[in-house]
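In what comes next, chain A is part of two complexes: it sits with chain B in the first one and with chain C in the second one.
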Partner chain A sequence: MTNVLDIKDLEVSFKSDGKEVKVVNGISFSIKAGETLGVVGESGCGKSVTSLSIMRLIPSPPGRISGGQIYFNGENLLDKKEREMRKIRGNDISMIFQEPMTSLNPVFTIGKQINEVLLLHYKMTHAEARKKSIEMLKLVGIPRAEQIYDSHPYQLSGGMRQRVMIAIGLACEPQLLIADEPTTALDVTIQAQILDLMRGLKEKTNTAIMFITHDLGVVAEMCDRVVVMYSGEIVEQADVDTLFNDPKHPYTVGLLGSLPKVDEKIDRLYSISGQVPVPGSVEKGCRFAGRCDHVMPHCTQEDPPLFKMKDGHDARCWLYDPVHGRKEEAKDGQTTLGREGS
Partner chain B sequence: MGKPLLDVKDLKIHFPQKKGVIKKKVTYVKAVDGISFTVNEGETLGLVGESGCGKSTTGRGITQLVPTTDGEVLYEGTDIASLSKSELRTQRKNMQMVFQDPYASLNPRLTVEDILAEPLKAHGVKDKKERRKRIEEMMDVVGLNRSFIRRYAHEFSGGQRQRIGIARALILNPKLIIADEPVAALDVSIQAQILNLLKDLQEDFGLTYLFISHDLSVVRHLCDRVAVMYLGRMAEIGNTDKIFENPLHPYTQTLLSAIPISNPRQKKERIILQGDVPSPVDPPKGCAFVGRCPKAHERCHDERPELQKMDEDHYVACHLYD
Partner chain C sequence: MLQFVLRRLVGMIPILFIITIISFLFVHLTPGDPIRIMYGAEIDQETYQTLREREGFNDPLPVQYGRYMVDMVVHGDFGQSYRTRADVSEEVMRRFGYTFVLTILSMFWAILIGVSVGIISATKRNSIWDRAGMVSTITALSIPEFWFGLMLMQIFAVQLGWFPTSGAASPLHILLPSITLGFGVAATIVRFTRSSVLEVMREDYVRTARAKGQKERVVIWSHVLRNALIPVVTMAGLQFGFLIGGAVVVEQVFAWPGLGSYLIDSILSRDYPVIQALILLFSLQFLLINLIVDISYGFLNPQIRYD
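Up next is the complex of A and B:
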């Protein structure tokens, strides 16, 4: 399979109070055709900024992409002119946002908003666009599609609005769909409907999906591979099975341990102490060092690189360095770290 | 478990909506439409359901933040709805709320000291030194550094703000805490810190919680008993383990099957519901869930099911079990 998206050493900075702060600090990952990649992390880890960078939608100023490349089908998106980008947005790459109410325009009908992308990217008459739009509404499971076509967003429930957003996102059959917390604002039963819909559509259209979320349960169900971000860096990446069953980075282990489980009763949750550092406040060393239970003197001295665990599984942690890592800990790191998680 | 602390009997909260050209036609949003439950001393009752099911309105009705239409809210035997304003004020000392959004529920222009002093002032702690002492003690209890006392609420992160919100609720030594989605706006690692704090506080102070949440994993973790609401009515209520291991109401079954499991190796049978929650203005005549229920039969359309006992501390409102 070929890579649809290849991000290399992406850096994004924002200016605040006259200082430039890096909020995304050299991240690299790729997405293959037809693959669903989960990007997880807590608020402020840079996951949404990364997705906006791919679309070249970082508000500038104050933000700016300060380094790296974003290859989409082998072409660097950062070299594109704004006019060329406009052809790609909504057509080859499209995006679904978290809040379906604020991302739909309240004064236009649903039909008009789906037609908009079609008329912009395809040579279509209005009648053809209408036909295609109604087809899209049916595809995402909206009953009475002809009637909904003429409705306004306020007349629909949250779940229906998110279906409309997905219909707009998929109207031009994009190669890459970026879904930024698409089910966070929805109730569980509606979330289950939407996830089921996205899974079905992916099988039909073979669209690659970049799924940004903070919900690890959703990741476990939807994604093939996962990237864990912390404070603007990728701290771990692996296929979904490895990540959940053999996590290596103390942050990933902590995150999985802090989840309350439905199927078992635990007396006390594992909790990561402290909070996410303010961007730019950690000057050297690992950004997680201040909250890590396994911190070693070397961690505060030098920023760890990504260490390879096995094919396709990397972790950014000095524990796995043959020189600096505690040898005994690195050897049975799995058992030591694993215990907290369970 | 202890004796009943809070006894809600057939509570109804309806909001009138004026319609028509001369605003004469009145319809009612039946946000809460006849629910009953008991919270025993020292336990945590989880109130779960989807948006619009009336769980938050129930919480607000209990503290009389919204007027109740009908029914009784008995706190240690006294009906809260019948109290005068000044009696209610004294009674509120015993029941405090923690709100969902720590960004919206704290005044950004007040310092931590001001925020925590307000309930003390309202309840007659006049001595400034005494107030200061209690505020500092409370900050220790919820894990806030004492040196932050002069900082403003907006200077804190979400997790720390929620600690301030909890401190504000606890400072009057209440018996009952009504927590309305207290961790919904927080990140996973911070959520775990706050859940652990709530558990510790319950043990240390013998608190009773009414925990309102849409997150079933959190409810399973924290609650002794669970009440499942749907469209202003009670669908199922009982012991947490019984409800999670043997859900009886088709709605509870769907709700549980819809939770994403954080283990990719575990695949489960999922019941996907059709459609959305109906409007509480014009709820179905029979069972509230009838339009979406995979097991609905004729009787469900006409007759409203009442809660019936299925097991020790396990009640369900469904015609399947008649």
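Up next is the complex of A and C:
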């Protein structure tokens, strides 16, 4: 399968108080056609900034893509002119945002907002756009689609609005859909409905999805492969089964350990101690060192590279380095850190 | 909708009633005697008393107020001017058109300049255009209207000779006074539009519009502006009240034969019926403009329902 998206060494910087701070620090990953890639990490780890960079929608100033390449179907998006980018946005790559309550324009009807993207990218008459929009509303499971077409956003619930956002996102049959925490603002039952809907649509349309979330449960349900981000870096990537069964990076282990389990009774959930470092505050060494239970002297000396575990499974941790890592564990290559808290 | 308008119109009646009481007391309790001002000190005590009796000034205030209200509400009679003996309503109607045209045109300039400069300032934030716009608004807000009017007159009418200095003989005559009057309001609208547009530009739905591949120009003029104008319209409606006040000064400067100069002359000579009628008229105008603003909300903001 070919890669729809190939990100190489992406760096994004933001200016604050006259100083430029890297919030995304050399990220590389790719998404294959029809694949769903989960991007997981705490708030502020650079997930959303990465996704906005792909759309070239980083607010600038203060933000700036300061390095790397973003290949979409083999073409570097960072070389595109704004006019060329506009043809891609909403058409080849589209995006669903976290806040359905504020992501639709309150003064326009739902119909007008779906029509907008259709009329921008297709040669269509208004009547054709209307027909297609109502079709899209039905596709995303909105009842009374004709009526909703003429409604305004305030007349719809959060779950309905997110369905409308998905309809807008998929209207032009994009090759890549970026979903930036699409279920975070919704309650659990609606979350499940939206996830079902997205999974169903993905099977129908074979759209590649970049699914940004901090919910590991959602990842397990939705994704084929997972990228774990921490403080602007990828700390681990693997296919979803490997990641859940054999996590390598202490941060991933900690994240998984902090999930409640159905079959165990515990008084207190495990949590990773400490805070995500402020971007730019760690000068050298591993960014997770300050919170890591397995920290070694070398960790604070040098930034760890991504170590290849096996095919398609990488972890950014000195534990897996033959020289500095734990010799006896590294030898058999089967290191499995104990799941904390279990 | 029609019901809403009717209800609002009926609701104006008690407000206008209270305004008649206030304006009546305000006028009659102000020191100064219209008879003395009109005839000076030459007339003897006897004539003075006869004249006072004729105008009804010797009756208790509630009786005078009752007579004023009965004449106005029952007979539709606003009385006669003490100075000219002319019918107040006729004179007011004749002059009202002039003030109306002047304020409407001023408001037109104010909105035209205010909204466009506000948008440019917001979209090119911190640029030289934005800075220039902000400095000009501060200046415009600090300059008194009469001085600004005189300067315009000096430059464009006296030195360049492009426009007539004063009066109302041709359509060209209205240009300088309307620009003078609209200038201060334009400055307020610039600041309001700028902050409102900046606020809306940060909204999620603006990012959504960009993510659809929409052109920046359409994002601003359609998605941002429709939302950003809602508070601007409210503010512009309120500014209309100040515009009426400003018209009094500007009409005086440019000898514009509207209600403003009429009001000043009437106040100076304590011409009670005229002052009362004008206060009532200005209040009514203000209430009607607010009603129009409220109705226009419905077109801007779909969440507003008139029931």
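Here is the rule we go by: the second predicted complex is superposed on the first by the 328 of 342 C-alpha atoms of A that agree within 3 Å, B and C clash if a C-alpha of one lies under 4 Å from a C-alpha of the other, contacts with A are read in each partner's own complex, and residues count from 1 in each chain.
Note that in this section a contact is a pair of C-beta atoms (placed from the backbone, for glycine too) under 8 Å apart; a residue touches a chain by one contact, two chains touch by 3 or more.
This is a predicted model, so every value here is computed, not measured.
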> Mind checking chain B and chain C on superposed chain A, clash or fit?
Replying inline: fit
>> Contacts for A:323 in the overlay, against chain B (first) and chain C (second): which applies, first, second, both or neither?
In response: neither
>> Using the superposed model, give me the angle at chain A's CA centre between the CA centres of chain B and chain C, as a multiple of 10 °.
In response: 70
> If you stack the two complexes on chain A, which partner ends up touching A:104: first (chain B), second (chain C), both, or neither?
Replying inline: second
>> Tell me which partner touches more residues of chain A in the superposed arrangement, chain B or chain C.
In response: B
>> A:217 in the overlay: touching chain B, chain C, both, or neither? Say first, second, both or neither.
In response: first
>> In the overlaid three-chain picture, which partner chain does A:94 touch, first (chain B) or second (chain C), both, or neither?
In response: second
>> One more residue to check, A:127. First (chain B), second (chain C), both or neither?
In response: neither
> After lining up the shared chain so the two structures overlap, which partner does A:263 touch, if you call chain B first and chain C second: first, second, both or neither?
Replying inline: first
>> How many Å separate the nearest C-alpha atoms of chain B and chain C in the overlaid structures?
In response: 5
> In the superposed view, which residues of chain A touch chain B and also chain C?
Replying inline: none
> Which chain B residues qualify as touching chain A in the complex?
Replying inline: 50-51, 157-160, 187-193, 195-196, 199, 214-218, 220-222, 241, 244, 254-265, 270, 272-273, 276-277
> Given the complex with chain B, which residues does chain A contribute to the contact?
Replying inline: 42-43, 157-160, 187-193, 195-196, 214-221, 240-241, 244-245, 254-263, 265-266, 268-273, 275-276
> Contact residues on chain A for chain C in the complex?
Replying inline: 55, 57, 85-91, 94-95, 97, 99, 102-109, 116-117, 120-121, 152, 154, 165, 168
>> If we count contacts the way the header does, which residues on chain C are in touch with chain A in the complex?
In response: 203-205, 207-215, 223, 226-227, 300-303
